[in-house]
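Residue numbering begins at 1 within each chain, and the chains themselves are lettered A, B, C, D and E in the order written.
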Amino acid sequence: QGLTPLTTALGWIPNAEYAGLWVALERGYFAQEGIEGLYTPGGPNAPGVLVQLAAGQADFAGGDWVPLLEARARGNDFIVLGCNFPTSPAAIMSMGDAPVLTPADLVGKRILSQLPADANTLNFVLDKAGIAGDFELVATGFSPEPLLAGDGDAYMAYATNQPITFENMGLVEGKDFHVTLFSDLGYTVPGAPIVASRAFVQENRALVVGYLRALLRGWIENGKDPAFGATLAVEKYGADFGLDLDQQIRQSTLGQPLISAKEGLGPFWFDPALVESVIAPVAAASGIEQPVLADELVDLTPLQEALASL
Amino acid sequence: MAGLTSLPTRLRRLKRSCAQRAPALIGIGLFCLAWQLIGSYRLAGLTWPPLSVVIGYLVDPDHHRLLTRAASTTLRAVALGYLIGAGIGLFLALAVRLFRPARAGIDTFVALIHVTPAIALAPVFMILMHRDAIPVAICALAVTYLIYVAATSGLDGAKRHHIDLFAVMGARPWQRFWLLERPTALPAIASGLKLAIPVAFMGTIVGEWFGAARGLGLLMVSGMQNFQIPMLWAAVLLTTLTSLVLYALMGLVERAVERRFA
Amino acid sequence: MPDIPQTECREAIALRAAGKAFALDDGGSVVALDGIDISIREGEFVAILGPSGCGKSTVLRLVAGLETATSGTVHIEGRAPAELAAHHRLGVAFQDHALLPWLSVSDNVALPFRVARKPVARDTIARLIALVGLSGFENARPSQLSGGMRQRASIARALALDPDVLLLDEPFGALDAVTRRHMNIELQRIWSARTLTTVLVTHSVEEALFLADRIIVMTGRPGRVLRDVAVPFARPRTPEALRTAQFHAMVDDLTRALEPQG
Amino acid sequence: MNRLVPFLSRYWAVLLLVVVWHAWVTLGDLNSIVLPAPLPVLADVVTHPALYLTNAAQTMATALAGVAIGVLLGAFVAILAWASRLLAGLLTPLGLIFSSVPIVALIPILARVLGYDISTVVAIVAVSAFFPTFVFTGAGLRDLPRATDDLFKVLGATPWGRLRHLVLPATVPNVMISLRLTVPEGVLAAILAEFLMGRSGLGFMFREAASRFAMERALGTSLVVTLAAVLFFTLAHRAERAVKARWS
Amino acid sequence: MPDIPQTECREAIALRAAGKAFALDDGGSVVALDGIDISIREGEFVAILGPSGCGKSTVLRLVAGLETATSGTVHIEGRAPAELAAHHRLGVAFQDHALLPWLSVSDNVALPFRVARKPVARDTIARLIALVGLSGFENARPSQLSGGMRQRASIARALALDPDVLLLDEPFGALDAVTRRHMNIELQRIWSARTLTTVLVTHSVEEALFLADRIIVMTGRPGRVLRDVAVPFARPRTPEALRTAQFHAMVDDLTRALEPQG
């Protein structure tokens, strides 16, 4: 009844990675803002979320930095309103007997990766640490097994995902294996930027603020009981994905602290200066010629408004 | 007399048909055993679970709702895509047979559509249709190609002396098609329809990865990403079993057609 | 027929300096026919004799419009042979029977009706099947027939639509003498009842003399017309006519003509 | 002019598609990260010939190797299945299972056994080519001309002799159908495998380009893939026709 | 041959009360042969005559081991017919030529060598091809031959391995009289040079009398042995032997035996 439908294109399957979204939907936080909260599930082969945004099929997208810059270079005036995981879950997993804990540990390692662009990230880490050295990138799939089997020395992972697989095998983090966040290696790029088109934000500012407020409330609520969002994912929003409750609770628990940066105004907030200091060099390495400027790319004012009104 | 012989004859037929099925059953049995052993001894790694674990997942009542919802969604998409694809494939094969100048162009076109990687077309699909229709569309594309190739090859298979016969009878192209080429092609088309069963499942599953709301393909993706290996293989096994049953049914059709037309 | 002045009769089939060469795989070619001139009047019955491989079937295929002459022309009623076929006025019994394996005998015989989109004359078909001695085998499929029975079925099919031009390529080759004689007599009866231009390829000099108005003898490769002999016997011809001295003399003469020239 | 007619007769439908594509992009004002226009895609291909060629060569070689293995294996297994009911019972479900398991699920297993390299890609292509060949060759084997079958009985042919002189040659036309069916399929499987686990080849190139919205490049690789597959299809079709002429 | 006492010769082929019924699609059956007793001595040349469809080919197929009798027994040298075939001692020329379409003439003739895994005797093959008048067509494929040429190629193939038992099913049906006579004479020559048990199905009473030691006349369906006639002419038989009064009398007698019984 008079709710404005707003669609979020998810970059991944509807699991506990979006615990706060489920809580917000379930508790009616969106409805309270006059918003009908809709979402489209993603997956490894689903069309990119930014494509959906460009095609007008979504209003918000859980994007990624380099594709976002590419999309902007192609005439899409997309902006970042905040980051779902200001501390990125991107991490590197290694085994207990050959831990990768510092940039120097990367040198000479065979690194299992699912994405070709990972090379740029690793190079940035080495450059920033001033280490001259090389590593070998080994293509791999969804399974962290090759790491276990010794096909590689380290595995590019999501801290909220593959480590749980190892835990479920009875391996103990910190002993049998290690998870090192990229932010701890100096690559402090905030993860999962929330993207929308500038025109949309300008025309619907109140709604955008309402959207962010609802989402923030969902995540804050989930922080009180990470099992809640996980249960919602398993039983309702991701019911057709056969999710495992224990694993999802663990994922929700691991993800929850990542929604805020170490020092910041609150959840989703990140330091725009990172755009020029960390994102720009990686973007340049990826072949993006346009200058990457924070005040063109980032507009945190709606987020600040939402945070202030909480 | 006929009434007296029919019962023993029927029994003999039954026995024979059981005897014919036996090797297939033994085959499946051996395969299951191999699956179990490779899984138990981790001969093929962690992503190959023992069969018993997969079956355990399948029979667990906690999973029934999930599995039936997924399977019925996938099956519906497979059925729809298969019918649409077979229809279009047969129609195109017929069309180029009756209007020969179109043959080369359609050949190239069908091959082109088929081989254009679905991943590249994902945005196009997304704009053209609802996400839940994408599995049907990709399934139909794959089936169309297969049936088109099988049917055109079959239609090309008429013997020269039969073609000559139709020429001297003054047959029109469509009569030659209907009375000669169609019966000649039926065995190949039947083979194509049989082979199209697993292809239709594959197409649908891949299509589901483009963001469908539910289906066996989603369970596979989800199982992979969360390392729920038993669920992954339960979805695969369910797909395979359904496909196997339908394949066997089409095999019967194929045999009947071969007996009748070869 | 011989007492009608020739000029009154229209020319039905005309081969003028017709030649045919077949391309071979290795790029070479075989000259099958060379400068064939044959003119057949409407209603005339012409038999072609000649050594195996001399091009008799090729002549028939040219007349049926199944091959095109590499030199010279072939016309039926002044037009291209294919036109006659298009009007379903051509009956052909091929050297190899060319029955459709998936149709029963009666459906094979009924095929020309279906192609001509005429109502299937069940009684005509039954009569033709009886004529060729296949009553009782109406529902048998070609694979269930003996060689001679297949050949007979294909003769019945050639006659089905009561054609104006009948081309018979050794139709009795697989028949025993008795069946053959019976069929010869039947064919004569059909032929006397109406104007039917017929070309018969045969190996039997007796048969040619018994049936034909005119006999063309061909030479071995490349095929040329060696002799063109009018048959002087009055019609209707009875089997007794086969025992006259004139008949025997002509048999001997033609047989000698068939001997390879030194 | 007389070159144009055969060209048009073969490619009219494709040209039509390109025209529709172009019209859609320009009239529908589609965003280039959704779908670029055909011309820029073509331009990217022609301005980077070396890049495309080297990757295409690799993909095509992989695809051909895989298809060759798959077709040979498929025909071989079809013959085994034809020779023995037991083997048929054993092999048919096995082949079917392999063909019904999504490639993505097979990759970790194959990679475990074969390693994360080109041999796994080849194996995946072979798996994709195997089953259609198995089915079509099997159909051809059941359809041997009766007369020739009798001939081999009276010649006292051993099973091997029958296989060698009758069965193998008699199945050639059907193997050719399988080839037409599987060769483009093989290219697809190759790029899918490269997409999922490769470090080079057109599939990898596509993924790399698509992940950074270089859509001209991504669709350029698709275009090259498509051309390669259509080329293979056309060659296979020619071969099929030549064989048919020879075999009848 | 007739002057050798019968008891001294070993029996080569024996059909005892052999019957054959074929099952039809509709569940009924056709009795093709009924209580056939035929005994053929080693080296004997037996011709079978009978109306079309009477079961001559079926008798040959029983002897070749291609069908099994539904009643009675069939033996060659006291053993199952298949054993002879397994030793590559059987030569068969089928009524339909059964040439392999993908092989050239010479490869078709060489096929028995390949199947028997014997070195291909190039000169034997050349000799046989010349014998049947196909020199110059060694590299032609069956589809490039005339009907009679195909039949001749299949005769050459039947003779390739110098078999001990030769079964010929109307091998000369598509041949003109001259070629046929030439082949008859050649066959007689081959046959006189060695002990070769031969069964020939033919429609020509003259041919049977010219070639055979004994003629078996069969009745129409169901096939039974009607007459078993020894041929009294001394060997070697010349074409002149065909002109004696005794020959003509026997021709008439056998022809009458073939007439349908009233």
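Points worth noting:
The rule is short, and it goes like this: contacts are C-beta pairs under 8 Å (C-beta built on N, C-alpha and C of every residue); 3 or more make two chains touch, one makes a residue touch a chain.
Please read these numbers as outputs of a predicted model, since none were measured by experiment.
Path length between subunit A and subunit C in the chain contact graph, taken as the least number of steps between touching chains: 2.
When the partners of subunit D are compared with those of subunit E, no chain appears in both lists. In this assembly, A is the chain whose CA centroid lies farthest from the centroid of subunit C. For the interfaces B-C and A-B, the C-beta contact count is higher for A-B. Chain geometry summary: the mean Cα position of subunit C and that of subunit D are 50 Å apart.
If each chain is reduced to the centroid of its CA atoms, subunit A and subunit E end up 86 Å from each other. Work out the mean CA point of subunit A and of subunit D, and you get 38 Å between them. With centres set at the average Cα position, the gap from subunit B to subunit D is 17 Å.
For subunit D, residues that reach two or more other chains under the stated contact definition are 30, 34, 104, 108, 112, 210, 246, 248. The set of subunit E residues that touch two or more partner chains comprises 96, 141, 143.
Multi-chain contact residues, meaning those touching two or more other chains, occur in subunit A at positions 51, 55, 141-143, 145, 149. Every pair of chains in contact is given here: A-B, A-D, B-C, B-D, C-E, D-E. By the touch criterion stated above, subunit B contacts subunit C in their complex at residues 161-162, 164-171, 175, 179-180, 183, 260-262. Of all residues in subunit D, only 145, 147-148, 150-158, 161-162, 164-166, 169, 172, 246-248 touch subunit E in the complex they form. On the side of subunit C, the complex with subunit E involves touching residues 22, 24-26, 30, 49-53, 55-57, 95-96, 133, 139-141, 144-149, 152, 169-170, 173-180, 203-205, 255, 258-260.
Interface of subunit A with subunit D (complex): residues 48, 50-51, 54-55, 66-67, 70-71, 74-76, 115-117, 137-143, 145-146, 149, 151, 286-287.
Per the touch definition, subunit C reaches subunit B in the complex via residues 61, 64-66, 82, 84-90, 92, 94, 96, 98, 100-102, 111-112, 114-116, 167.
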